[in-house]
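Two complexes follow with chain A in common, the first pairing it with chain B and the second with chain C.
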Partner chain A sequence: MKTAGSVGMDRFRKQRTWRTTWEGIIPKLLLVCALVSVLTTLGIVFTLIVETARFFEEIPFVQFITGTEWTALFSGNQQKFGVLPLISGTLLVTAGAALVAIPLGLAAAIYLSEYAHDRVRRVLKPVLEILAGIPTVVYGFFAFTFVTPLLRGTFFPDMGPFNALSASIVVGIMIIPMIASLSEDAMSSVPRGIREAAYAMGSTRLEVALRVVVPAALSGIIASFVLGISRAIGETMIVTIAAGATPKLTFDPTDSIQTMTAYMVQAASGDISFGSTAYKSIYAVGMTLFVFTMIMNLLAQYISRRFKEEY
Partner chain B sequence: MAEQAVQTKPAIRVENLDLYYGEKQALYNVSMDVAENSVTALIGPSGCGKSTFLRTLNRMNDLIPGVRIEGNIELYGKNIYDRDIDVEMLRKEVGMVFQAPNPFPKSIYDNVAYGPRIHGITSKKKLDEIVEKSLRQAALWDEVKDRLKDRATGLSGGQQQRLCIARALAVEPEIVLMDEPTSALDPISTSKIEELVQELKEKYTIVIVTHNMQQAARVSDKTAFFLNGELIEYDDTNTLFSNPGNKKTEDYITGRFG
Partner chain C sequence: MGAEEAVIGQKGKSEAKSLNSANRNQGAGRVGFRRMMNRLAHGLFFLATLVGVVVLGILLFDIVNTGWKWVSADLLNNFASRFPEKSGVKAALWGSIWLIAVTAPLTFIFGVGAAIFLEEYAKKNWFSRLIQLNISNLAGVPSIVFGILGLTIFARGMNLGQSVLTGALTMTLLILPIVIVAAREAIASVPSSLRQASYAMGASRWQTISRVVLPYSMPGILTGTILALSRAIGETAPLIMVGAVTFIYFTPGNVFDPFTVLPIQIFTWTGLPKAEFQELAAAGIIVLLAILLTMNALAIFLRNKYQRRDG
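What follows is the complex of A and B.
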């Protein structure tokens, strides 16, 4: 026997309409999109590993990692594959960039989070993020056509047109917005009550910033440094344009050097033959670079988890 | 009692105080004297201006953009809104404890030593002394003396609040302002802090905001009743609760509104 009530309940019975079908398809579609990027990444890592392994069939690993001469693009038996000069070039630029970017980035973050009025912050924060989006080739030409001549005209008259110094300064400038923005995020998530307590004891603004807020946000701040440094290690255009193409084991910033990334660009855009040792060396250097930036990123994650403040 | 109050010079004298948040007026013509070594309770429904008033006494309102003030506030005869006032030194003399415990994410020791350090004390021995003394004053020493290096954020809420009191006392203020210091705490921690307030009165002048009338009655010598930014009635706590002079006060303490 059908009652009015049970007729009404029919409305809730499952029906196959385009809406339910669509709902069933959507998650699968999204999964495919996610898989594409995961698979691409895996593919890249796989190629990297395979070609690197082939490279080490020809050049012993120890020779690669301890060799002090890199002349991969020379002809025939003059080729040497010691990666240390490329590593030192990378580290030289990275260290210089960190020296520029850490103090300035942190100062900018302190200004934004502790000193700037709301209105100023609301303008400056987006500007910083736009700066972070300038193509690095622009920074590269800035280094080559402005910073290097400036340095040569003032403090370093003997310096060549290609040098690690101007590249590291400009890589530093490039990562300032990133460090400032991430550090500012960390600092503004320090609760207001903690600042108030410090002010109520007679702290000046600077004391509140340096003795309370920065220590309280330290994990986030250090993570921003590490991520910035990781960016510097992987930076390519600026060093390719401004730092030179002479792999050299040196710690003199006024020298012309070559970084790992700049070598990869040079090799890949030159006419080396497919399958040659020089060709495979691109992958070996890429792998080395990958290991470096991976370590930095893991370090950043570790720091922000391990030292996360509970307020 | 009334005569005594006339004889001792007030620690705090507020005259015709108006305060505006931008266009909005939050305090209307408030005048009151607070005697030295006394506990004064500020009561009233929420939003009536108790915190605002309290924060004029150590100029914490300066940190809020757009706050404007008219009238006079004197501490020990000195107008604290004068041009030649060093706000940092003023806040050193007028300590503050907040509604929610707000220890720094540092060790227990470093929390208490923070104030003395920024005011120039560097000697380890002196700092040790201050830390112990302040923690004893805040009745926390016995509970934490073996773990001074531990993080303050690992303490219980009640312990954190007593730590905040110790931290405020460590810079040796004359006046201690407390803004609903027990509203986030359990009853046992609350009564510990109430006892503490009684003890601290020996050395400090205390102004305490509370929305709990029993608490006001238990801990204070004088009580001020605020309503809509006005000071409605200010009298000895016993008198105010047993024989209020104003109809509005009576309505509030008998629970007819608020």
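What follows is the complex of A and C.
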């Protein structure tokens, strides 16, 4: 009797210690999983800084940031590393995209949040989600083989096959769902009571939407614009396919240009040698792009936190 | 208008009548104008929302119209070629399948692990806030920057070269934030009564998580993971950066083989001068969209199936 009992206790104790150890190990394993994301950020910042620093050993920082010619993939002494044309290309496409996406996205958000019946919303929201899920290479194909020929056949017969205009229109269409759904989220979180108070004062739906709901949700709406713009800055395939590969300091949307992202793709898919200045320039341009999008993302977070209306 | 009348009704009929007539005398024209503006805005907002639907329709029609005649068994069984009629997506299709097959378990393990840590174990201190801030910032980093990271750390640093593994690791880091956010939402939606019931039965923390919390939140987690993977399947830029080769004439045999994916094949064909290649690109897009549609249908199916069981 005594021995049998102690064996049972032993087994119980063994199981318990094993389980306690396991319970102690699990959180550490899970912590490692969570740390992967921190390591990713550190990895990105670290690689960009190291290689960009090596790039600036060869090309002075001032020359990079103020130069108006970018011919990094030319041979030998014809290389020029002035990043301004790539930045202007990126900003040109981004501005065009914002002109398309902000009015349409905001109007769609107001419609979905304030006007649409449930049944209509149940049809339209999934369509916007599909639009958001289409790969960017497909949008690029669409811009190059449909939008550009359409524009050349109608309003801009003199425009070339590669141009900033069609790229920015299609990038704009691509970010509409993002702006619409984030703005709609912000508007739906405006309390019902405020709307009803405005209706009680005799306001029309439009007045409620524009004078009550939009101002109350403004921080979220502006944040959605900023995030959309950040997305447009980092968009790669549409501009690579449709906007061209000629870095040019221009603000004419019908011109062929090159964005920062498109340069990185062009350089990486070409055969530049590892360790050359042109190779390091990928990192310098990547760093510039990273800084731009990071500022926009932090700005969006700041706006939505700082100017949030509390109810 | 309903709300307006209801409130007036509360004030008493006689008062309402005098109010109404006063309003009518003063500004019948103004009210009419305001109503007209409201109707006009309603129409405009609706049209703005429709832009997305219409563009989606045109895009799909254009692609099917251009590429349908190339969709055949040959397209799936042929490798890429100089001759359009002998070209196919075999290498790209199998490359995409390999990439997803390796990416899926990696993102699932690390994504769900991080989500469990943040929801169940992490204390609300500066450290968990840091991880959280970090994840939301990573989601805003352009995909091409992840490509630079993959090129530097995996392809060159770990000497994995232009292999399936390099691509899959890069993709894992790219979509990890999406999976973590979705998994956290799913885990947070588990009712606390279930957890408490499990603890009351003497279950340990990890037993509760692995046998109660995870099974309950699995549909949500799987849906989020599949949607994130469908994003990975459509990504082009990061894989170009890590050097996925364009013209290869074999399917990968293991994770260390070089590979190409559907979006890269589509990108290459779009850029070739012959019109037939652009039709092939459209055919490739049809294959890509078919895969995406299947994955989305699977996600919706999983969600519906398990929701019914719980209900």
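Please note the rule applied: the second predicted complex is superposed on the first by the 289 of 311 C-alpha atoms of A that agree within 3 Å, B and C clash if a C-alpha of one lies under 4 Å from a C-alpha of the other, contacts with A are read in each partner's own complex, and residues count from 1 in each chain.
Simple rule for what comes next: a residue touches a chain if its C-beta (ideal position, glycine included) is under 8 Å from a C-beta of that chain, and two chains touch if they have at least 3 such contacts.
The model shown is predicted, which means the values in this text are computed figures rather than measured ones.
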Touching partner for A:L227 - first (chain B), second (chain C), both, neither: second
Touching partner for A:H117 - first (chain B), second (chain C), both, neither: first
Partner chain(s) touched by A:I295 [first = chain B, second = chain C, both, neither]: neither
Partner chain in contact with A:E207 - chain B first, chain C second, else both or neither: both
Touching partner for A:Y199 - first (chain B), second (chain C), both, neither: both
First (chain B), second (chain C), both or neither touched by A:A216: first
Contacts of A:I26 with chain B and chain C, given as first, second, both or neither: second
Dominant toucher of chain A (residue count), chain B or chain C: C
Touched partner set for A:G43, first chain B, second chain C, both or neither: second
Which superposed partner A:P191 touches (first chain B, second chain C, both, neither): first
Chain C-contacting residues of chain A that also contact chain B: 196, 199-202, 204, 207
Residues of chain A touching chain C in the complex: 19, 22-23, 26-27, 29-38, 40-41, 43-44, 47-48, 51, 103-104, 107-108, 110-112, 115-116, 124, 127-128, 130-131, 133-142, 144-146, 173, 176-177, 180, 196, 199-202, 204-207, 209, 227, 230-231, 233-237, 240-241, 261, 264-265, 268-269, 274, 282-283, 286, 289-290, 293-294, 296-298, 301
Complex contacts: residues of chain B adjacent to chain A: 58, 60, 63, 65, 88-92, 95-96, 98, 100, 102-106, 114-115, 117-119, 153, 164, 167-168, 171
Of all residues in chain C, those that touch chain A in their complex: 1-4, 6-7, 34-35, 37-38, 41-42, 44-46, 48-49, 51-53, 55-56, 58-59, 62-63, 66, 109-114, 116-118, 121-122, 130-131, 134-138, 140-149, 151-153, 156, 173, 176-177, 180, 204-206, 227, 230-231, 233-237, 240-241, 243, 246, 263, 266-267, 270-271, 278, 281-282, 285, 288-289, 292, 296
Chain A - residues contacting chain B, complex: 117-118, 191, 193-194, 196-204, 207, 211-212, 215-216, 309-311
